[in-house]
Amino acid sequence: MGLEQAVVDFFNHMGLLNLTVGNVVMIIVGLTLVYLAIRYEMEPLLLLPIGISAVLVNLPLSHMANWPLAPQLPPEIQENIFATISYLSQQYGPPGLFDLIYYLLIKTEVVPLLIFFGLGAMTDFGPMIADPKTALLGAAAQIGVFVAMLVALALGFNLKEAASIGIIGGADGPTTIYLTTKLAPHILSATAVAAYSYMSLVPLIQPPVIKALTTPEERRIRMEQLRPVSKREKILFPIASMIVIGLLVPSAAPLIGMLMIGNLFRESGVVQRLSKAAQEELMNIVTIFLGLGIGSTMRAESFLTPKTLMILALGVVAFASATAGGVLFGKIMMKISGGKINPMIGAAGVSAVPMSARVVQRLASEEDPGNFILMHAMGPNVAGVIGTAVVAGVFLSALG
Amino acid sequence: METFHCEVPKMSQLLEGLYITILGIVVVFSVLAILAIVMDLIGRTERKLVEKEKKKEVEDKKVEPVKVEKKLDEKKIAIITAAILAYLRGKQPKEVPIKRKPSPNWWLSGLITQMEEVENFNYEIGKW
Amino acid sequence: MGLEQAVVDFFNHMGLLNLTVGNVVMIIVGLTLVYLAIRYEMEPLLLLPIGISAVLVNLPLSHMANWPLAPQLPPEIQENIFATISYLSQQYGPPGLFDLIYYLLIKTEVVPLLIFFGLGAMTDFGPMIADPKTALLGAAAQIGVFVAMLVALALGFNLKEAASIGIIGGADGPTTIYLTTKLAPHILSATAVAAYSYMSLVPLIQPPVIKALTTPEERRIRMEQLRPVSKREKILFPIASMIVIGLLVPSAAPLIGMLMIGNLFRESGVVQRLSKAAQEELMNIVTIFLGLGIGSTMRAESFLTPKTLMILALGVVAFASATAGGVLFGKIMMKISGGKINPMIGAAGVSAVPMSARVVQRLASEEDPGNFILMHAMGPNVAGVIGTAVVAGVFLSALG
Amino acid sequence: METFHCEVPKMSQLLEGLYITILGIVVVFSVLAILAIVMDLIGRTERKLVEKEKKKEVEDKKVEPVKVEKKLDEKKIAIITAAILAYLRGKQPKEVPIKRKPSPNWWLSGLITQMEEVENFNYEIGKW
Amino acid sequence: MGLEQAVVDFFNHMGLLNLTVGNVVMIIVGLTLVYLAIRYEMEPLLLLPIGISAVLVNLPLSHMANWPLAPQLPPEIQENIFATISYLSQQYGPPGLFDLIYYLLIKTEVVPLLIFFGLGAMTDFGPMIADPKTALLGAAAQIGVFVAMLVALALGFNLKEAASIGIIGGADGPTTIYLTTKLAPHILSATAVAAYSYMSLVPLIQPPVIKALTTPEERRIRMEQLRPVSKREKILFPIASMIVIGLLVPSAAPLIGMLMIGNLFRESGVVQRLSKAAQEELMNIVTIFLGLGIGSTMRAESFLTPKTLMILALGVVAFASATAGGVLFGKIMMKISGGKINPMIGAAGVSAVPMSARVVQRLASEEDPGNFILMHAMGPNVAGVIGTAVVAGVFLSALG
Amino acid sequence: METFHCEVPKMSQLLEGLYITILGIVVVFSVLAILAIVMDLIGRTERKLVEKEKKKEVEDKKVEPVKVEKKLDEKKIAIITAAILAYLRGKQPKEVPIKRKPSPNWWLSGLITQMEEVENFNYEIGKW
């Protein structure tokens, strides 16, 4: 090899000369996410890693991710993770770091499940236990998921894609990732980014919907103080939930199961070490891998399609109709209870804990500064997490 | 990778979507309703239980509250006595003056520290 | 697919309608472990995760664990972990989270070895270094392992099972898991649960045995103060142990090696970051996976057999005879030393650090409140950990 | 999975179990005995070593204890001198009044903070 | 099996009787590293784990590492990590813990990349941003890499080995490991140990070289105070670096990319959780695995060769010539700037952050106690990390 | 594993090494130079930006600085008012004396604590 040859080779392998328009656009998209995350603190824990990994993965020949996201696999190895990896190694060369993260941690669902485990250890289900009927509001908000799914179907998405898009309305990142990974991995980056972006836009999306559907009088409704919840109830709750939901919707069992194991660790009071680990060391590490893994799926070929724009648009539909679903069911409950329930707390059924509950409180305070319904809104809020996981289970059992 | 056809969606897909919607809404409401009922039952039982326990506590209070405290005191006294005895014992072998032997005072405080350490050790290994 | 079909399908896949008696019993067993862990703080760090995972894994169709624990494998892939996983994927579908944990982390011995690494970083071998002869008491307590093994053989267990059952008497969870995984994985859940349960019952099991074998006079024997141990000795100890044991019983080298690397990290004083990580972040994460992994092995087909009851019964035999072995050897050492050694400290050779040492101290205090033998009991106590690992090594070299 | 036969165990298995028992007990006692001997030897050597070091220390104390302190002082003095010099120097370019330039006092304290930071930085990267 | 047979078997499998001279020497080498790490605090975070694992892995039949480090593989599986593991399982039996660490975490480059990620989160690039021209000194110091490479070539090493040896002069452990793993895994232990050893000997190696190349007057040169750097600049720096370097030298993108993602986490200020995790929990765990993994490569067959001695010797050449390169280029910059730049800060281009910067400061203080150039030396110092990664990229693109 | 031949190295290898050296040195200098230029540009832009922002700030200060504080105060007042109102409201259902009901004082402080908790909760779940 002569010097000339070495130089020519080097230039041929220079990323700059291999840059495609797709790369450039994706780098800009990534930088936009980074900007939103830093400047407006939009879900920075996810959008910052996603954005910056999207930049890195779109630098040509960087070999951070060498494998396609939704490869055509021989049917006999489709469900066989290590055979898949072997096949991809032969077809596309050795894995980059991001391939390993995506195929070993995201695609196997390890990461979303561990995140749910950590969330369980972080969540206080007390407000829902204190007033169990508010759990129904967490169910009502799931209507948004189905509305968005039907619209997506009408727009030409297939069933699996439509379900993955609908679930954005559940406002639960890990559930969205879990479902999309199983049903429609080729739109994973779009649904994940949509879920996290709109989650942080809840304070902008929800108020107009809520205001349009409620009167000032309704928003002024004060609610009775929540009863205190005993330690025993808090311990029994995750156990009961896991068993009840596991027996009724087994396909939701992994998500709900891990959520509730985490919550039991939290409430049992005897394994603080593990509870802390679930919330901190394990959660932080897993979050890093989630961000890098999702970011690495942001490639021009799967992200820069008309689909992505439609998915982003459908995300708003999902969030707005979920809010509407919650509020309307709240009005029904208000009527039945003889005006004891403030219908706005239904809007908190869109989980995004505790963002939407705060939005509700803010609107209540606007009408009447003495109206404290934050804790009442936390009930539907945490119930919404369970509701979305159940809906994901239904989708998986029907389509998976 | 599937390509995206912006054609009119198939009727059958829409219909299936509708079925899943109905199924899904029924399921999610049922599940959360059942959960709510279960939690309500647990809550009621809990409150009854608490009331019972309270009654019992009130009754028990007349009988045996001293016992616990006494036990604790016994433990404390045992430790202090032990420490004093150990201290006295530590003083005995004075006639064998090995140079590196620490003073008995040091030893006493060291002993207590060590004991407490092991007490606070709290299963360090056993718990795995 | 019509609506009717969808509903029928959904009901067919409902866990409730697929529940077996075995599932129900296993769920109750799991809940019992959770109850014991929370209510009586019985080894909660392990029994709580094990119990709750046992519940989750026994909810039918939950797909948390899809693969058998001791599958019939073609001989050529038996020792080949990734080929095994490929084979199981083909036979039983993609792995659930618990399959991944069990096959990748437990079966490869990664988790038990990392736990031993963390334990090493937590253990102060000072009392054993100060009085090396007490190490022999840690050897004597291993007699219980062999007694239980012989009884198990007599009851009809095969050699590999009997060895795995015997090791319960060593009162070291990770060693029990390490050995059983290698020799008799189909009884892993039983031996692991037995080991951790009895470990927390040490304060109940040991006192009657000790009292039966010693006179009050013997229990009153006071022991000379331990000499201080220098930092240099503490640094040399793990190195010397690793080399000595590694050269004599290589099959015990992984366990002892990791234990001693952890201990060197602790005592060296120059790698506090790593020592802390071994004790905390890594330990906590690994403990979570250990609990979930072991809990996921609690399935009706392998747990609900007469064997399990016999294993639980044999566990008591193991603990009791280990205690007896330690105490009796303690009496021999008492005689030889001219009454300078309190025979009770032999009972602490049953590791369960520092539980059994505390039991010994309590019994000593009962006879004579001024009798401080706790630190002397810590010598056999930590030696017992080494002793059990050595015995596991002998089993592996003879049967592995 | 093996099924469990509650029959009379084979004699050969029991015998092999007995052999392993004998082997195991011999091995575990030997290993821990050897370990005990090794630790005892190390302990003896250590105590001799300590005594030697003590003697040496006593001797050394008469010769060079000042040196170390002096060195430390030198370092301290160097830092302080340096800070003062740097401070004086920082005052010089006053005649170029760029607006955003921080006051020299600020700069001095900043400099010292930075210096200390890097000192405490302690291999941050190099150590990996 | 009779008792006699059991005893004979046991002795045949005793490590002591299988000890080779190579083992003994390697154990002594390992103990030496442990000694240097503890007694002289020579890079203890790496050299302690490396040393003690080297001891453990060289205890015969310990089964901590059963597989060769640079096996002859069928060409079709060479780049296929899981196929390789399957093949090795069949050839050499199931993996030991250290095999898993080496093949899954080191050989896949997961560990070096995650270390770089953590280093990014730890590094303050402020001094380099404040005075960008000092970045060139970080480039100049890389001359040492090439000098060492050429000498290695002249001594008979092949190109891939020579490049791996040269990179030692970059004084970046993870980069050395990354490159050697890819180009010449059979000398990994030697280059890694050399890199970390000499890094801690920087205070001994650099001063004579610096003094030989500079006059006292030059060493007395004071430099202007660094301008303050805004948060915005610190945020833009990692993004710009990633893109610029990624586009120019894609083969350096993994290293630089992970470094800069970590740095962005640090400087963004919105993901403290993740930044802390990158620096602490993840870093500590990964460091443990790095140490154990590298230590496990210290086997007689690959370490006890004349090559190793030559590599150790070449390491000194690399460090010294890197220092010289930096200082000489510093003198050029001094001339060009009209004496405003102290040439010594070029020596800090040998990264070893912040050791070499401190060495420079110490030499400056020796000549003039009021001369503060530490922060100016930090510029080349951190630039040297980038420079070495770029050089590694060039090597990879030319030889990989 | 390759064996080591201490023979004279092949000329071609040395030559290729030289080529790589030249390429490498050019690349590493170019890359770091480009990076330096980029950072220099960013730095200049930044300083201009800062100056602009400063000017704007000075101008803005005359117009609306009160607004922000007022907003904050409003929030504070809202919370306090709310707390007082809630407190008063908490007192109303006195005529239904359920035994386990905590005192209104307790409730008020509890409420505020809870509110603050949720406020500090800061996306606990939403952020993932």
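Labels A, B, C, D, E and F are assigned to the chains in the order they are written; within every chain, residues are numbered from 1.
Note that in this section contacts are C-beta pairs under 8 Å (C-beta built on N, C-alpha and C of every residue); 3 or more make two chains touch, one makes a residue touch a chain.
Treat the numbers as computed from the prediction; the structure is a model and nothing was measured.
Student: Rounded to a multiple of 5, how large is the rotation, in degrees, that superposes the C-alpha trace of chain C on chain E?
Tutor: Superposing chain C on chain E takes a rotation of 120 degrees, nearest 5.
Student: Pick from C-D, D-E or E-F: which pair repeats the contacts of A-F, with over half of them the same residue pairs?
Tutor: Interface equivalent to A-F: D-E.
Student: Which chain maximises the distance between its CA centroid and that of chain B?
Tutor: Farthest from chain B by mean C-alpha position: E.
Student: Under the over-half criterion for shared residue numbers, do copies chain A and chain C use the same patch or different patches to meet?
Tutor: Chain A vs chain C: different; shared/all numbers falls short of half.
Student: Determine the centre-to-centre distance between chain C and chain F, using the mean Cα coordinates as centres, and give it in whole Å.
Tutor: 44
Student: At what distance in angstrom does the C-alpha mean of chain E lie from that of chain A?
Tutor: Chain centroid spacing, chain A to chain E, equals 39 Å.
Student: What's the distance between the Cα centroids of chain B and chain C, rounded to whole Å?
Tutor: 21
Student: Where in chain B do residues touch at least two different other chains?
Tutor: Residues 16, 18, 20, 23, 27, 50 of chain B touch two or more partner chains.
Student: Hey, what residues on chain A touch two or more of the other chains?
Tutor: 6, 10, 45, 82, 248-249, 281, 285, 287, 394, 398 - these are the residues of chain A that touch more than one other chain.
Student: Which of the residues in chain C end up touching chain E in this complex?
Tutor: 76, 79-83, 108-110, 113, 235, 239, 242-243, 246-251, 253-254, 257-258, 260-261, 264-265, 268-271, 273-274, 276-278, 281-282, 285, 394, 397-398
Student: Sort out for me which residues of chain C touch chain A in the complex.
Tutor: On the chain C side, the touching residues are 6, 9-10, 13-16, 18-19, 27, 31, 34, 37-38, 41, 44-45, 48-49, 52-53, 55-56, 59-64, 82, 85-86, 89-90, 93-97, 100, 280-281, 284-285, 287-288, 291-292.
Student: What residues of chain E sit close enough to touch chain D in their complex?
Tutor: 1-3, 6-7, 10, 43, 45-46, 115, 118-119, 122-123, 171-174, 199-200, 202, 222, 225, 228, 283, 287, 290, 351-355, 357-358, 365, 369-372, 374-375, 378, 382, 385
Student: Which residues of chain B touch chain A once you look at their complex with the stated criterion?
Tutor: The contact residues of chain B facing chain A are 1-2, 4-9, 13-14, 16-18, 20-21, 23-25, 27-40, 42-43, 46, 49-50.
Student: For the complex, give me every residue of chain A touching chain B.
Tutor: Within the complex, chain A touches chain B at residues 68, 70, 128-129, 132-133, 135-136, 138-140, 142-143, 145-146, 149-150, 153-159, 162-163, 186, 229-230, 232-233, 236-237, 240-241, 244-245, 248-249, 301-302, 305-307, 383, 386-387, 390-391, 394-395, 398-399.
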